[in-house]
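Each of the two complexes below includes subunit A, the first together with subunit B, the second together with subunit C.
Right after this comes the complex of A and B.
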């Protein structure tokens, strides 16, 4: 297992120095044409299609997948050099890039279907190839990523370059042989799961049985078998008979990490429902309902918006789940429905700014959250390219910044502090100076080590715990 | 509640309503189609703002001394904020004050719309009933677009749902647009 995170305040992280947003490389001209290898994502003028929309480590942490608004998936692979040495430093390099989804048009509704990748989920590895599910608003695809490092040579009927030989000139017979070649990584779509969602897909989650997965949109959750694309089972349907009576939508859903019959889904009203698929085929009736009574002193115009849950994640040990709403992160014990066991304020100083955040649309931002490998620390993003970590055991938290200007390679990240009011101390940032265009919505934590991936709007930062 | 405070709240509610409506119209042309979640949240804010707007317009009139039964505020816990409203402050303050008023409004609004078919007419507060009958509410707020909503091809116009009746006939556009946010696609 990885080293425990040091006490926040003395948290030491290395700025990943290889590819992403490094001051040293900033002077370079952006590459023309397609991105190649290490210059990927380093652009002076980024396009909207480059906006990162999801980040996910695979089960070993060796691979890191990102999806973007342009429908592309980029997979990074960890170069493990001297992992057991004290100077261990992991580097992630581009492993594979492919176009997962293309923009489509729904002719019936005259609506364009965005190609933006909403979620990526890895399947546990069963053979040499890697598999992941990627989804846009309407269609889920299963991709196989495989390596090829040999190629056949010595065909009888073809030249090595592929041209066919003149049959009259063939005088001998030989057996083709496989010879080594430069590693090539191929991504091919193996399954396309389409036409099952009327509303926009917000979540996918692979079951621990490794055979099924769920996909959730605003009103329905479907259960799929990974091998079967022409049908799915609807297991949750909260669409009212009369849409004018609609009061809440599904915002996220996830399978339990160990119990293949259990899943949860969160709602825009701030509730989480735990469902057991053994109870009935249609899980409209929940087994547990997790809801915290609202604090009446915090009531405002925007109470409903900020209580909407944007992400729900089970802990690795399956005993807790974490939810993210606009201002806070809450940790729930699955055995207690009445209230969370822990609540962490991410950026409470924004509570008085909700009206402005409503006007500039930031109040609709959907932040994600994640656990570290041993469930002792949770992490989530904020504005101004800040992200926050909460150490549950030590009851401490830290605010860090992902930016090129403020961190040099191999430098320990300096904790940041936002000044909510009153006299601003040196090195503090006042709330009014925060840049709300720089938001960190997607973060991921390596399943075993203290390596984190943090996505700003169009850049990916990978940080690692300090090595002595 | 003083008349100036009511006006501030009124202005704030109007502003939020105007912002919300422009967001709603903008979302129709958004790539990827109408987002149900966002539309729902917008409609919730608009409903709160609309209710605040109406209740504060009401309070601009004669009844400024006592809180109306329709707005049972937490007078026990926050008397200072209601009676001694601060001078014009940066916008979060009026929003917060109107939020105090809103503390009960959205709940009653939710209840009303949930039970719109079986509205309990007997237990309507006098204020609510008087609002139902008052004539000056028929003038639509000036920030709203023209009364008749543009129809999509094939749509039919129908009467506003029961739940909005209490707001008066003139508010049918607001109620109509709010309730049709969701089924618009």
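Right after this comes the complex of A and C.
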């Protein structure tokens, strides 16, 4: 497992940013170099399609996948040559790019289906190829990403360029040989899981049995087999008989990392339900209900909104789970349903700003959260391109910023401080000068190492911790 | 960007903002976002509760003022020979005061609550002393005495006979010079309550009624209560004929749509036709179609 973050503040050293809009494909002017840390000249021209919507490391951390609003998936690969040089281990280069989803139109309902990638989940690697699931609002796809570094040469009946030879001119036979070629990474869709969700898919989660996975929308959760696309099993359905009675929706769902019969789903009311698939086919009845009573002194117009859970993640050891609501991160012990064991305030200074955040829609932002490899630190994003880390063991937290202006490669990130009120100290930022258009919704932590990926609106930053 | 001054948490503007969000969500790419609209409907509901509470408080305050003035006029103009005529006039005024405003569910409980900062919308369960009152059914107190009879609501026990409204007699004891207000007939106590005399006595039933209304409004799971709440909300809104409310009639009428809970977001043509204001109808033309066929 990676080193603990001993000193928050000297956490991240190597700044490596990459702007996301793919130069050379849709760009108006080709930039000088498109992959290794070069300034993207068109940064100020970024398109809405470039907004990063999901970030996920694979199980070894060698690959990092991102999805965007335009339906594309870009996979980065860790530079292998640098693996032995610790200070460069966060060098990631573009490995593969493909269009996963296209915009669709549902003619029956006169609805456009967005191509935005909501979630990507990697399958554990079984052979040379890599597999991942990517989903938009309605359809999940299984992609195979494989490398090709050899090609056959010397066919008897075909020329090298593919034209067929005249059989009359063939005088000898030879065995075609495989010759090396430039590495080519191909992505091909192997399965399409469609037409199973009436509402918008918010989560997918691969089971530890590596055969099944779940997909969750606002009201239902379906169980799929990775090989079977024409049917799925509905395991949770919270749609009321009368939609007038609707009071809550499902916001996230995840399988337990080790127990293939267990999964959790969170709701817009701030509750988490743990279900056991062995109990019954339909898991509407939960095995455990995790809920913290609301503090009545904090009651406001927006209480329901800020208690809605935007993300739920099991710890790697499977003993805890973490939830993110608008203002806080909570750690729950799976054996205690009455309240979380730890609560971390992400940006409590926003509590007095909820009205404005409601007006500009920021209050609906869905922040994600993640664990580090040994479950000792949790991380989540905030506004002004800030992200927060909470060290559970040492009870320390730090606010860092992902921005080009404020960090150079190999530079230690400086901790940030937001001044909630009163006299603003030097280097502090006042709440009113925070940029709420710069939000970090998606973050990911390398499964073993202290390498993190942080997505601002349209840029991906990869940081690593300081090497002593 | 957020303003340097936190915006005043005004229930009315929150309602407008929320309705605009719901309206805009219909044209958003990707279809209606169920989660977001559900959350907006919660804000709408909270704001509506506060808004109605504030309105009642205002009405109650106005009522109190008018009744104080009435009593003062009585004292000044009192002529022993004209006692009956005066009383009839006072009755007329008092009835006009409380029937014109469609109010009087509050009592002093509401008044007390309204005085608190509007920033905190109290749910019914947070209202002081409401826990024990919540469950107690008092159908005769359910509706304002000034409401026209409702044929639908199961809560409405009030007879259609309008002459049973507010039978109040104000009597001046010439010996002790004490003014007494006597209620008789079907009177709901706090309807024409004289703040000087009856305020305290009216607290308990008023509180009950207020709380039941609040409970029904916020309890989404009870469909029958909800239907009652919706119909009640609609009638209240249509009775808002007082000049002070014309500029808020749009809000009230819009509230009546969303008083029907989440289905308000899927409002049907029939609902729209019951709304008084044509302007509201025009602006909500987009709502006449069902949003999503489930």
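FYI, the second predicted complex is superposed on the first by the 430 of 468 C-alpha atoms of A that agree within 3 Å, B and C clash if a C-alpha of one lies under 4 Å from a C-alpha of the other, contacts with A are read in each partner's own complex, and residues count from 1 in each chain.
The definition used in the following text is that a residue touches a chain if its C-beta (ideal position, glycine included) is under 8 Å from a C-beta of that chain, and two chains touch if they have at least 3 such contacts.
Because the structure is predicted, anything quoted here is derived from the model rather than measured.
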Task = Assess the superposed three-chain arrangement around subunit A: do subunit B and subunit C clash, or do they fit?
result = clash
Key: Partner chain(s) touched by A:169 [first = subunit B, second = subunit C, both, neither]   = neither
Ask   = In the superposed arrangement, which partner chain does A:360 touch: subunit B (first), subunit C (second), both, or neither?
value = second
Task = Check the residue A:112 against both partner chains and state whether it touches subunit B (first), subunit C (second), both, or neither.
result = both
Task = Using the touch definition from the top, say if A:304 reaches subunit B (first), subunit C (second), both or neither.
result = both
Contacts of A:335 with subunit B and subunit C, given as first, second, both or neither = neither
Task = Mind working out whether A:432 is in touch with subunit B, subunit C, both or neither, as first, second, both or neither?
result = second
Query = Taking 79-87, 115-123 or 187-195 from subunit C, which overlaps subunit B after aligning chain A?
reply = 115-123
Query = Which subunit A residues contact subunit B in one complex and subunit C in the other?
reply = 109, 111-114, 116, 137, 199-200, 202, 218-219, 243-249, 251, 268, 296, 299-305, 308, 352-353, 355-356, 358-359, 361, 364
Ask   = Which residues of subunit A touch subunit B in their complex?
value = 106, 109, 111-114, 116, 137, 199-200, 202, 218-219, 243-249, 251, 268, 296-297, 299-305, 308, 352-356, 358-359, 361, 364
Key: Interfacial residue positions of subunit A with respect to subunit C in the complex   = 108-109, 111-114, 116, 137, 198-200, 202, 218-219, 242-249, 251, 268, 296, 299-305, 308, 352-353, 355-361, 364, 431-432, 434-436
Ask   = Which of the residues in subunit C end up touching subunit A in this complex?
value = 1-4, 6-7, 9, 11, 14, 17, 21, 29-31, 33-36, 38-39, 42-43, 46-47, 50, 119-123, 126, 220-221, 223, 226, 260-263, 266, 292-294
Query = Where on subunit B is subunit A touching in the complex?
reply = 16, 19, 23, 31-33, 35-38, 40-41, 44-45, 48-49, 52, 74, 77, 91-92, 95-96, 98-100, 102-103, 106, 110, 113-114, 161, 179-180, 182-183, 185
